[in-house]
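In the two assemblies presented below, chain A is common to both, partnered first by chain B and then by chain C.
And then the complex of A and B:
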């Protein structure tokens, strides 16, 4: 967790207090404890099947949550991600099934179906960023517009109908494997790795953190805060698009009413449990991955041991509160 | 209390901000225009059937928007209202066989409990309202599903419980009376009682409000409790109107309530807000949907029900851009 920790020029504490220690390694410890618990309690936990089940269930959430981490690092929030997933998920089958315009070749159709929806989602992300920077609208309100309208657009595009399909080439992004690793997990790893690299090693990463830490100061220091902000919303939109493609490819069906429903909250929860402050100025991408894994593992542990899914929701709520509380205590310490 | 009120009244930032008042008038004007448009264009638009079923159905959303407006005026947010309404509808349905009042009180108690929990998490643990109420939403849905056993719970039809949502009083739907009473109470509290000044002062700046000796924590607690209570009331009406407690209902209600509040000219940064304009905002968003139904009925266009969210989104977009323009032109 500490590897991806980047903060606004904050002096490192010479000695870690206990609260601080928990805040830094708490999620990791919880993760390891959950694994240890399952190894002893849950039958057949240590199997490829369990691993790949949990990783594939978490892949889409992590991809969206990575974009959300960058947005939150700038002090913003993106409520539109679930709706953008629905739009991308609606567009892709329409493209390769040829219902928008006839496709001369199936290969072209699939290629287009993989690119165009992501571009569309990125463009809508740019629209979010434009509302926020040009009109100075609060991110929560600006992205609320596409949260409401976006799912409507997806439903209007498909007339609310379920699109069922079988297309091996397209579905490779979810059901395929690269060197034995499920493609969606590989995409997830790539996205997380890239984002962690950008945040830790590049000027852009430092600019994102600076804008979230103190926008005024960042602007005075010559950081193009408007451009940085627009960019994070474009990235968040594009990643939501990718996640939308993965979800419909995995289901062999696209239902505009359901794709990405509630995803904004899952992603925010993963970011919060992962230790990124929701007030901005921090980005802990690996923490977000760990946060999503902990939430998923808690749910899996409860389900595998006969606790109903509804109770898992209550536990998730307590988990979010506890994680944020510890994080804030450490911040004050 | 009186010297507190006079101290607050002397504060500049709390004086009416003319541009925002103008924007509020715009919302009311838009609502009136839309009603006139509907009355002229559609035969049965002003029929008592349409008007009464419009009021009956939308009272729930108006109640939720009222609670949300109060919370937002303090600079907070309450994402738990949809889950709270779902939980309250289940509790009300479970209690409804004993007595209609048991159903009502049960639902209200459930809503109040979530609201108090929100208030405690936000004031005691100092967790941001956004996160605290998000967690409360998950917990409320989880509890509702557990209590209901993952299915809807039908209400008792013998105890008179269904009258709360389906009955009439003096020719108007009972839910509309309930919403009206809640809005009058909300208006009195905000505009005619020191607590309203406290709410707005906290929204303007929590630290300043605390330094002035205002009971910030107690006020915040009260505001979240009120929002929970109103969401509970909406849940009771939901169960009563549709004959069942519905543990999966209410998804996205919080965001529509926020949209109503924003359309009503309340700034999400807190410190400014109006109860009347919030009602106008909620009615305006609902009216868009009603007009769309009538327009489809005419047969000139055929917009599927799915267009309503697109149109509502565009509406919200227009309003917030307008507000942004007004804010820009405001002399500082």
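And then the complex of A and C:
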């Protein structure tokens, strides 16, 4: 301490160490390298269809992972997102098919089906936040509650039945296009853009980072850490709800057993590969987007070149280890 | 002598912590070990128990030179250490805890009956009748401590080290603990007793060893040293004619914040103080006297059990620091790392953390205004950083402290509470910060300054409230603030006040 105290003027060279550089831009480099590799190796890679396919496959993950990024930035984690997707995915068809309440008009049914499930998922996110802030339960345990119970609730709601439907208005959120862009991709872009803006430019964003970086200091600086924490779980829940709607709309079917299965882990993986510290205090929303894209592209590359999906899972795991390892090295540097 | 440590040197990465320190304890005696923060008490203990290695010096224990390489070795040799937060297993039973690590076995299996009988026998020595099958965690702090002591003694400890054993105990529990120490003495077991409560030292200890700046400065029989002599030896320096700063006569300041009869937990029992507009009110007291805790109560970082706080004559009851901030208060904690900086955030963001609500236009931070504030204070306080975007953790302690001061100054506060504002920062920055506080006070800011450095209080404060054992025992006004008076008040005997 006191040795470092001598008032050295601080003109530090702006050069980054190589490890730091990799940790900051590694995901981007990996992303560009994967694209370059595919351009030369995978037939027909540079096509509108490939782009559209990859983006639509990644949209739901990115939406959930964005909420997860905010939660992780506060030093928490949300394991319930997959189950909340299942609940939202179960509720929506029940609403527009009129199996809860008879709908006076189809338009009202669809509107309600788009809003109510998201509100329900947000409310469950609020419940997560309550467990964590009021009862001081560790986030991993608190959200495990809904991870387990949530899927059960979804199954009870639907009596365990598969709901099959065809409803063009509702399915617009997955299958439709806005100015030629698949709606789900547009929603993803909107969510990522908004979250990145919140983190970078708003007071709330700064508060989220401060609570994750040093909660005691944040509280003594007057930041309402309890409110901030609850809010990120509400956002994470709501975004899981949106993702649930997109997934069932894409499949024209809702199966409470399958919607969002394993999503929490995919989302956490995207956050980790994207360079957000799992210990909190940092949030890199664009990194999360890139992380999800890299994971998706690796899988696509392997599949397109004849490697079976099972093997692709191993590669995905290796990718996560590499990302976390590089981050740790950068921390030590 | 049971224990003799002589000429102990120790330095950490070039910084000397102990130099030629010594400590001697006779069989069956209770030796008090006292000193300010950083005097070297705990380093001394860690070297004794083998947690640290020493750079030089000799240790004899039970007449033989020893060189413990781990705490396990010193334990085996008969030294038991009881820490403040006892590291036993709260979920296991009392009996299991007492025999932890050397459970009696029969045919390779745990012999629970013997375990329980042994535990009861050990506890009986201390007149403790406990249900030894209940989990330890269900008992109070005092009982847990006694169990830890019993465990140490049952391992044939000849020397028991107690580090601040009474800090979480109430009076009745302290009495039980003292009975235990007397039992130990009778059995010829020696005790090293580390405490900041002077009254306790006189009540239970036979002799005292006083450390300061890594040296052993005095050893005395307890009855041969007065409280004031004890405090003087701890705080150092022969008394000089160092008196209150000359600036101005005792001005009467309009009261800004008044705290009356504050109490919370065991640390703050009855504190009243007033901070005037435009004055630096000092808060002095030995370690553990309740200084920081009092400040945290005023700032609503902790809850009061009793007492009241008023601001400009209006009673306030804040629920959270955020309420105190809205009312114009700021708080710079003594622990920069844990309660001050957000290490990963930049200088800019750390500085504007508290003022964020005022920088927002419908939720979006006004970057331009934020930049202006940061530029102004970086320049005004001479903060040395590569740029405002540099992470604060890369700054020196003094510069971090200036950023934290700026965090509050940019809010135009009415009251600024600074807890050890110059701890761990270099001499130049120290003087700058004190000068800054002075000029702010001259502009009408009320400052509550906690410091354990007497000359700092003498140089900077307009008046000093002295705490002893959780009670405010004296108020020294300008002209009265001298080392002699401060020390006398700090050494104040609680019984006399009651």
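What we mean here is this: the second predicted complex is superposed on the first by the 320 of 333 C-alpha atoms of A that agree within 3 Å, B and C clash if a C-alpha of one lies under 4 Å from a C-alpha of the other, contacts with A are read in each partner's own complex, and residues count from 1 in each chain.
One rule holds for everything that comes next: a residue touches a chain if its C-beta (ideal position, glycine included) is under 8 Å from a C-beta of that chain, and two chains touch if they have at least 3 such contacts.
Please read these numbers as outputs of a predicted model, since none were measured by experiment.
In the superposed pair of complexes, A:314 makes contact with chain B only, with no contact to chain C.
Residue contacts after overlaying the shared chain place A:224 against chain C, while chain B stays out of touching range.
For chain A, the partner with contacts to more residues, out of chain B and chain C, is B. Applying the stated contact rule after C-alpha superposition, one finds that A:216 touches chain C and leaves chain B untouched. Of the two partner chains placed around the shared chain by superposition, chain C is the only one that A:206 touches, whereas chain B remains out of contact.
In the superposed model, A:33 lies in contact with neither chain B nor chain C. Touch criterion not met for A:101: it reaches neither chain B nor chain C. After overlaying the two complexes on the shared chain, residue contacts for A:51 are found with neither chain B nor chain C.
In the superposition on chain A, the residues of chain A contacted by chain B and by chain C do not overlap at all. Of all residues in chain A, only 1-12, 201-204, 206-207, 209-210, 213-214, 216-224, 281-282 touch chain C in the complex they form.
Across the interface of their complex, chain A is touched by residues 13-15, 299, 301, 320-322, 325-326, 331, 333, 338-345, 349, 353-354, 356-357, 359-360, 363-365, 367, 384-386, 390, 394-398, 407, 424-426, 428-429 of chain C. Contacts from chain A toward chain B in the complex involve residues 77, 79, 131, 135-138, 140-142, 144-153, 155-156, 159-160, 261-262, 265, 268-269, 272, 278-279, 308-314, 316-318, 320-321, 324-325, 328. The residues of chain B lying in touch with chain A in their complex are 77, 121, 125-128, 130-132, 134-139, 141-146, 150, 251, 255-256, 258-259, 262, 268-269, 304-314, 316-317, 320-321, 324-325, 327-328.
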